[in-house]
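Heads up, the thing below is written out as structure tokens.
Letters A, B, C and D mark the chains in the order given here, with residues in each chain numbered from 1 onward.
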Amino acid sequence: MNSIILRIGSRYVVGILLLFSIYMLLRGHNEPGGGFIGGLIGATGFVLYAIGCGTADARAALRIMPQTIAMAGLGIALVAGLAAAAFGDALFTGQWLFIGAEGDDKGLPLSTVLVFDIGVYLVVFGAILTLVFAMEEEI
Amino acid sequence: MTNDEPSRRSGNGFAGVVPVLISGAIFVFFLTLVPQISAGDVLRWSYDWVPSLGIKLSFLVDGLSLTFSLLISGIGTLVLLYSNTYLAGHVQYARFALFLTSFMLAMLGLVLADNLIGLFVFWELTTITSYLLIGFGHETTKGRRSALQALFVTGAGALALLAGLILLGISAGTFEISEILAKGDEIRAHEMYLPILILLLAGAFTKSAQFPFHFWLPNAMAAPTPVSAFLHSATMVKAGVYLLARMHPAFSGTDVWLWTLTIFGAVTAVFASFLALRQTDLKQALAYTTLMALGTLTLFLGQTSSYAITAFVTFLIVHSLYKAALFLVVGCIDHATGTREAEILGGLGRVMPVTAIAAAIAALSMAGFPPFLGFIGKELKYAGALAVASEPVFVAGAVLLANALMLAVAGVVAFRPFWRKTDSELPRTPREAPWQMLAGPVLLAAAGAIFGINPDLLQVPLVNPTVATFLGDPTDAKELKLWAGVNLPLFLSIATFVLGLLIYVIHRPLRNLLIRADNAAPNFDRGWDAFLSGLKAFAWWQTKYLQSGVLRQYIFITFATVLVGLGGTMLVRGIGNVLPDLTGIALRNWAVVALITVGTLIAATTRSRIAAVAALGVVGIGVALIFIIFSAPDVAITQLLVETLIVVLVAVAMLRLPFLDAQGESDHRPWDAVLAIGVGGVVTLTLLAVLATPLDLRLTEYFEVTSWPEAFGRNIVNVILVDFRALDTFGEIAVVVIASLSAYALLRTTAKEKSE
Amino acid sequence: MEALLAIAIGALVAAAVYLMLARNVLRFIFGLVLISNAANLIIFTGGRLTEGVPPLIPEGANLPAADAANALPQALVLTAIVIGFGLFAFALVLIFRAYTTLGTLNSEEMRVAEPKGDPLL
Amino acid sequence: MSWTLTLPLVLPFLTAVAAFLLRANPAGRWVSVVGSALLLIAAGSLMLETLRAGVVVGQMGNWPAPFGITLVADLLSAIMVVITAITALAVSVYALADIDRRMEMLGYHALFNVLIAGVVGAFLTGDLFNLYVWFEVMLISSFGLLILGGRKEQIDGGIKYVTLNLVSTILFLSGIGLLYGMTGTLNLADLSLAVEEVENKGLLTVVAVMFMIAFGVKAALFPLFFWLPAAYHTPAFSVSAVFAGLLTKVGVYALIRMFTLVFDHDIGFTHEILLWVAALTMITGVLGAAAQSDFRKILSFHIVSQIGYMILGLALYTPLALVGAVFYLVHHIVVKANLFLIAGIAQRLTGSTELSRIGGLYKSAPLLAVLFLIPAFSLAGFPPLSGFWAKYVLVQATLEVEAWILAGVALAVGLLTIYSMTKIWAEAFWKKHPEGIDPTPDKLDGPTRAALLLPVGFLATLTIIIGFFPQPFVALAEASAAQLLDPTAYVTAVLGGSE
């Protein structure tokens, strides 16, 4: 696996896949996609990176332990749900902020629902990497 | 021979003194109630314990409960005083005293309770505390065995009793004993009378060690002697008798009652007296005479005549007094000499004169000599026996034989050790017991003498009100008197003396005979061992087959349950017409299904790992195609990604795993195939039936309508996931996080162990 | 089509059960993958099938097409797939680990927790 | 407001996240304790709210029922949540001394708290698919906890536990699919109305049996209990205590919920099956225990046996019987968790849980002996401890419907329970230690001793309180049983409360 092409190539692939995964995440509310699919695609990038450059490198590139990312994602998703409390709503009630909304055009929607989906993304991303890294190191 | 090694160190501190004071105070308290009760009053106190279930903690002081309470607290005080010296300095004395005091309180609660369930609660408390007391010598196998035996036998009876009490409560419409007793006719006529009676008797007979449940009692002598004195004179074993006495007004008077009690009582009395004579250990001999007394008491409770009841009450008191005294005497002997073996002991009269005198008085009362209370008791017994209308000869004969044997045993226990000449070496040089240990035997023996000489002291305060509890009227009690004139009971008494003395004279050859007979007879104690090992073997056998440790079997049973459960329900309840309609399906769809099916078949049958993984991949892709065809793009993408990951993970794992089958090993399993096809078939049938029902689309329609206007999303599936059913998704990601953490933990602990 | 799928699901279940009953626990895992697919398809089919109209609301519209597919079972299946994956991943690692510590994949030889001939007390 | 309802679910998750992120910090281990204490407070206020309002309902995301996910607490749910919080608190204190650093670094506290969250979620949810999700949350955390430590028998037991539970999961999921396919709804209250509309009652019964089997595995009913005795004696003691207390009870809870609220259309068939299953469960469990000679294995088999009692209560389906079932649930969680905790202390002091290899605790550790006697005799049904009332109510309920054989079974199983408990007592406590070890607790340092004994004492005290003052608990169980038998209030609260 010590091919230079693979090593350099995988770096680019990581970048491209990460961008694509974020695209999938953000469009999820209106078209096929979403946090889970996004997280999986993002994780795939790092899995390829780990295959190309070894898990040690991949871990270093990630900086944070993947299980910490996953757990933090769970926390973020939970906070997104809890945010409703500030507005006197029940748990997981979506809170929306439409930036620049005019009439029918809803502008740029920011919502706790999106934050929740980001949590999902991080959980999937972190969990898959936790699993794959550990398995690769073991085998 | 001694189980409880008496210690010469002294002082148990508070643990020694406080219980004596408590029980003494209780005794005095009950004494102060005597005038009121003998005047015909009944005291009642009640607390709503569990009103939802109709259970009250109610207590009743009447003649019967007062008599019992006085015996319990009085003897309890003396026993506690005695124990403090007997077990002086024992490391576990505090626990001992605690258990003994708790036992006494439980026993008091039992006899005072006026609620069926309240009574049962105290009943079981005596079971627990006596378990702990009998197991005082817990470091020996014998001690533990005896404790368990007592617990198990009486516990079994208690469960029957519980069922009986509940049924009685349901039938009578109340759990208050005094209310039930007032409904005697109703209960005797109730269709549940017989079952209830049998259940109550099961409880009473096990607790009171009636034949054939008697075997636990002699083993219970593993307890320290003061415990035996207490449990087997006035308390534990009398609980069963108390229950019968308490229920007497409601249950007696039927043939079943009469004959069950009479026969069990008589058999127990005679059988136990013979066994008593067979023993050479003084304590064991006393234990069997306790059985005899219990049998006699039960016998009398079978009757309803005032003679029988008076006899019951008198003998109850007599027995408690002399039996406690004699047990304590045996304890003194044991304490002083280090043995209880009748064939070794002798000549103690000179070194232990006070003990000897107390023993003599108690024994004379036991043997039924005048002027002691025992004599009056015996006379009344004969009178009572003769009052049995149908079979006086049988009953009187049984009583006569038992009494004669008892006289002989009294001689063995209380006369020979003191006055026989012997050359045997004693384990210790005997000396007179200290006063704390003499107080009990002396006072109890003296009471027997005083009440004998002046029976009026007992008649009005205790006997009459107690008889009144049975018969409703204190004047029904027969008069207690030493000289009742020349009558049949007197002749029977004389016959008893003659026969008893005769048996005493020949008791040693007779004993050898009895030992041989006993050894030949079926042994209940060994039966117990057989029962236990049989139970264990059965448990072991059934567990071996069910919980076999073989995973395949577990899974097989589980799926077999599915097949039988679902298939059976289909057959019994029917699911309607489920003929599949396979018309009009596009070729493309047939192809996808064929792909899935082929993949499935290969996965199920192949012996190659690579083929299996590839087949799984094919199935996964086929399922994803289904999702694509049937308008589920999100699901399809997810399915494809997940299937890819699964295949990758399996492939990675397989780098280290062995081949599917060992060389030459066949994995052809026809029965598994039958089960598998059965389960598959049941699932298909159920699904077909479900598809034949109409589907209500309310939920989906709501989501379609609100998804964009209210939840601001055009991908309805995603909106459901992150908004309508966000809680599901949250749970789902929690599963993912934890799955990865768990898998990580699994892998990491491997690494740790390898490096170690 | 639902009926055909019902039969295919039955086949999936049958194969899965057969695999799960095998001695080799790796086969159990294969069976698990199949039966999870079967369960997901049961939910999906239970919500009835619609060809070619995904539950998406087109730009400018407030409602999806009138004959759009049932969205709810799709969401449920999605959740179930992910959960199933989590469970599967753990089970796979567990079996892997079982092999490295117990030295076998044969469930009949896995007798550490419930040893043969446990002594009677 | 729905937050009293939501907090008991949210708190353990927050605790889990916090405990995991702080896992390298020595203070991290206290997060669990604090979290459990807060959970107990939250659960208590939910209980009060439920007592006041009857049924507390929260529509998650403000979407009305039956469209969104509804959380519901009737009395049974509230009781279960409180008892879960109590168990969690006791076990998390115990874990301070029981769980080593390595297990903490691998995420013990996160796993534990997510487990609790899953349990609470299962008790509170009013949605069938959501119930499935909480079952899975619970299941996967239990997998993790079970193998944490990684000893051989843990892996072996884990394989059996995991495989059989996965089978149950798949059954549950398929059942949901089928039920949805017939009714078009997932909300439990809505389901209870929708099933009445289903014309094919035979099919409905088939699906009901499917749920019965799926939950039967979770609850460890005959003949589906194998995973339990195969695994419960293997993990850390804290873990087996919380498993013993809670996991099977979730299965029992689910059975009670589904077979009072949804599947009550064919009681003569479904509940009759349950009746005989209950009897067989009691018998096989108790005989299994009689065959064992290991502290924890005996206790494990007894769980099976006592699940039978609870199911008996459900199956009889009379008000009194359900009172018995609910009371038994509560009593059993407290007592069983405690006994497993005690087994852990006994193992620490004597070096093993194998009864033939231990002893001497009565002499050297009298406090522990008392603390053991309380739950042990309670389990065996001795008055006046909690188990007596549980048994009493069930026996009376059985006798009232003149089910003589079942009453006999219930009583006889009680006797055999006594046998097993005294076996432990005689061997571990009364007998001398065979190797002459003096199992004195003095050899543990002060904080360890406190962490181990405090929760045990706390649970034992609870057992005594329930035993001596049963009235409030019985009354609560009565009210709860009344709600179960007549779910109108539940249904209107869920469906009507949203408008």
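Just so it is clear, a contact is a pair of C-beta atoms (placed from the backbone, for glycine too) under 8 Å apart; a residue touches a chain by one contact, two chains touch by 3 or more.
What you see is a predicted model, and the numbers here were worked out from it, not measured in a lab.
Chains that touch both chain A and chain C: B, D. The chain pair B-D and the chain pair A-B differ in C-beta contact count, and the higher one is B-D. Annotation: 27 Å between the Cα-based centres of chain C and chain D. Averaged Cα coordinates give chain A a centre that lies 62 Å from the centre of chain B. Mean C-alpha position of chain A lies 36 Å from that of chain D. For chain B, residues that reach two or more other chains under the stated contact definition are 536, 540, 547, 549, 551, 555, 559, 633-634, 638, 642, 645, 649, 653, 656, 683, 687, 690-691, 695, 697, 699, 703, 714-715, 721, 723-729, 732-744, 746-748, 750, 753. Counting only residues that touch two or more partner chains, chain C has 20, 25, 28, 38, 40, 42, 44-48, 54, 56, 72, 76, 78-79, 82-83, 86-87, 89-90, 93-95, 97, 101, 107, 110-111, 113-114, 120-121. Touching two or more other chains at once are residues 13, 20, 60-61, 107, 110, 129, 133, 136, 140, 143-144, 147, 150, 159-160, 163, 167, 174, 178, 181, 229-230, 291-292 of chain D. Chain A meets chain D in the complex at residues 67-68, 71-72, 74-75, 78, 81-82, 84-85, 88-94. Taken together, the chain C residues at the contact with chain A in this complex read 54, 56, 78, 82, 86, 89, 93. By the touch criterion given at the top, residues 129, 132-133, 136, 139-140, 143-144, 147, 150, 152-160, 162-163, 166-167, 169-170, 173-174, 176-178, 180-181, 229-231, 233-234, 291-293, 355-356, 423, 427 of chain D touch chain C in their complex. Chain contact summary for the complex, chain A toward chain C: residues 30-32, 36, 124, 127, 131, 135.
On the side of chain A, the complex with chain B involves touching residues 28-37, 40-41, 44, 66-67, 70-71, 73-74, 77-78, 81, 91-92, 94, 96, 106, 109, 111, 113, 116-117, 119-120, 123-124, 126-128, 130-132, 134-139.
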